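In what comes next, chain A is part of two complexes: it sits with chain B in the first one and with chain C in the second one.
Up next, the complex of A and B:
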């Protein structure tokens, strides 16, 4: 089908719909004054990202994204909001205190990500996917696990050590001081 | 893929979705009735026996009553989130049905990451429960939601650990292929394989699953004697019906996933009882799928009965006991089990 002279495929429609939801939800996260609603919108954003992964032929990443980011991290954020019950009732100011600094940080992050993405070698090139729809080859679970345990084993282990340190640290902070101990 | 094909695909997806939804509704109708019969029998009561022959119309009467109820939103509630919460709970409970292999070639949508899809999608529901409890603006609801969140987070970990054992041994995440690997008689079912790791994984899955679907003895997030009705105290009418639907849909999902992973899925217990043989005898090809569907549903029925038996006999645990069971017993056992299974796959099965 042609709209305004462009050929529109169903794949592109799905891409526009999903990325639209993702971007709008992401805007909501930073603009909605109610912090609980912002947290829920964050969940929606992450589901949208999972949808993009599905479109990019990476269903495993999509499932893991939902399991970890939506199922665990969003839940944790909501619980944290509950526990700090002062935050729940009062409006939560989302003002940007230093716009120049914020824009700079966002710009640097964007540039960094953009350069990395543009210079990476892709099994399914995103540009091809958007133009022609997904190729038939899935990025398999096996390929991911081989990558994690062979070339990337050091960063992978480093991340887990970091997580372990965070866990131990939070236990130490949360532990009540016993008198005489 | 051009737009026409895309529209066709959408049509197919919608049809599948409607069929699955109807199946969920029928299953829930049956399960509610069965639960009341089973619990009445175990507690030496009569149970529903007035509406229709043997009381079979009881759930329909219940549903009709529920639809007539006034839809109440309490003052001071967060109206938007209060309305959204039942949907957030129900949609994941319904979406997991998509990957369940109901019979040979009868998976609504076969995914090659089916097992992970299952645990990912079912992890969303907890958000709905928290939101429901918070949006109600009621202390019982909030307490129930708190308990629910800590319980569901705690018991998701052992489920995933238990899930990993049969996946490691069969070497695939595709639920269909896990079932195919268990063909050829009940001694090939995963629960009788890889001693003692898979039977242990089965037990962990069953116990953690009971907590995950929130039934007694782990129903502390809606403990009637302590919290009125927990996170859904303020809900009535259709919104309550959605929570109810999700709960019973989830209890069928639990038995379906247990049957798929450990009890051979749609495989018959003996080869001679399977579809291939009967199809040869009578020369009817579609019968083949239907017989495998029968075996799958029969096994699920048995597991569901077991769950109902457990929930009607065991007393409710305390909150601290519940947390201890998961973090101090199930998770360490699951981790050790995963390690053993890994070693078994790497050193024993490789030979």
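Up next, the complex of A and C:
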């Protein structure tokens, strides 16, 4: 496909669309005063990141992202918003500090990062194009499971212990303290 | 053109940098603790994008990027659970979750 004289693949169009949705939704997460809408926009951002994972040849991670992030974490945040329902009523001026200062600081950091990223020479040059497709790489679900159970088995088990500790700990923290109980 | 996808790596890194900076901005301007947690999730996702991008753009793609991303997602779930439990507890004790006004460790 040729647009303005450049050859543009469908993947590139998909990338531009998905990353545009992701970044705009992320700006909404930060700037929308209503925290419930911000949490819902966070869900949209996370779905966009899952789309980027698909474009990076990691479909299993996209599924994990949607199941855990969109399915669990966003739900948990919305539940917490409902449980602390005074958050719903604060206005924009109360919800946010000086946005210009913060945007300036973040913009300076982004300028540094972008200059560094855009001026670096990446492997697979000269055209910086990914050479690995699904055919000639071993990064599928099978490789992930094999890696989790062979070289990374200790962190894997440690993560399960951590999740158990977090489960118990968050119940203990959120439990209502009854005097005398 | 024998490339499968045709997307340069620095596009992904730029999106990751954008998400990180937006999350950083959110950390600085949000007052409520839940809003700060949302910004933390944004920054973690930016890091995940970078990990997966570097893992799959190597000349021989490695699985380590995806594995580390799985661990980051696990830790993010754990962090969100504990953080929101703390937020709910603070709301029950103080009737607000303004991070500036929470100054006491013990109430």
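Here, the second predicted complex is superposed on the first by the 120 of 181 C-alpha atoms of A that agree within 3 Å, B and C clash if a C-alpha of one lies under 4 Å from a C-alpha of the other, contacts with A are read in each partner's own complex, and residues count from 1 in each chain.
Convention: a contact is a pair of C-beta atoms (placed from the backbone, for glycine too) under 8 Å apart; a residue touches a chain by one contact, two chains touch by 3 or more.
Model, not experiment: these values are computed from the prediction.
> Is A:105 touching anything from chain B or chain C once the two structures are fitted on A? First, second, both or neither.
second
> Of the partners chain B and chain C, which touch A:64 in the superposed model: first, second, both, neither?
A:64: touches chain B and chain C.
> Mind working out whether A:149 is in touch with chain B, chain C, both or neither, as first, second, both or neither?
A:149 sits against neither chain B nor chain C.
> Between chain B (first) and chain C (second), which does A:40 come into contact with in this model arrangement: first, second, both, or neither?
It touches chain B, and chain C stays clear.
> Just to be sure I read the superposition right, which of the two partners does A:23 touch: chain B = first, chain C = second, or both, or neither?
The answer is second: A:23 touches chain C but not chain B.
> Quick one: is A:15 in contact with chain B, with chain C, with both, or with neither? Answer first, second, both or neither.
second
> If you stack the two complexes on chain A, which partner ends up touching A:82: first (chain B), second (chain C), both, or neither?
In the superposition, A:82 contacts chain B only.
> Is A:72 touching anything from chain B or chain C once the two structures are fitted on A? First, second, both or neither.
After superposition on chain A, A:72 lies in contact with both partners, chain B and chain C.
> So which one touches more of the residues on chain A, chain B or chain C?
Between chain B and chain C, C touches the greater number of residues in chain A.
> Based on the A-chain superposition described above, do chain B and chain C contact any of the same residues on chain A, and if so which?
Shared contact residues on chain A: 9, 11, 60, 64, 72, 76, 79, 133, 138.
> So in the complex, which bits of chain B are touching chain A?
Residues in contact with chain A: 1-3, 5-7, 9, 78, 80-81, 111-113, 116-117, 119-121, 123-124, 126-127, 130-131, 134, 142, 146, 149-150, 153, 156, 173.
> Can you check the complex and tell me which residues of chain C touch chain A?
Result: residues 1-15, 17-26, 28-32, 34-35, 37-39, 41-42, 45, 48-49, 52-53, 55-64, 66-67, 69-71, 73-78, 80-82, 84-89, 91-92, 95-97 of chain C touch chain A.
> Can you check the complex and tell me which residues of chain A touch chain C?
Residue list for chain A touching chain C: 7, 9, 11-12, 15, 19, 22-23, 26-27, 29-30, 35, 38-39, 42, 45-46, 49, 52-53, 55-58, 60-61, 64-65, 68-69, 72-73, 76-77, 79-81, 83-84, 86-87, 90, 94-99, 101-103, 105-107, 109-110, 113-114, 117-118, 120, 122-124, 127-135, 137-139, 143-144, 147-148, 152, 155, 159, 162-163, 166-167, 169-171, 173-174, 176.
> List the residues on chain A that touch chain B in their complex, please.
Listed in rising order, the residues of chain A that touch chain B are 1, 8-11, 13-14, 36-37, 40, 43, 47, 59-60, 63-64, 66-67, 70-72, 74-76, 78-79, 82, 88, 133, 138, 141.
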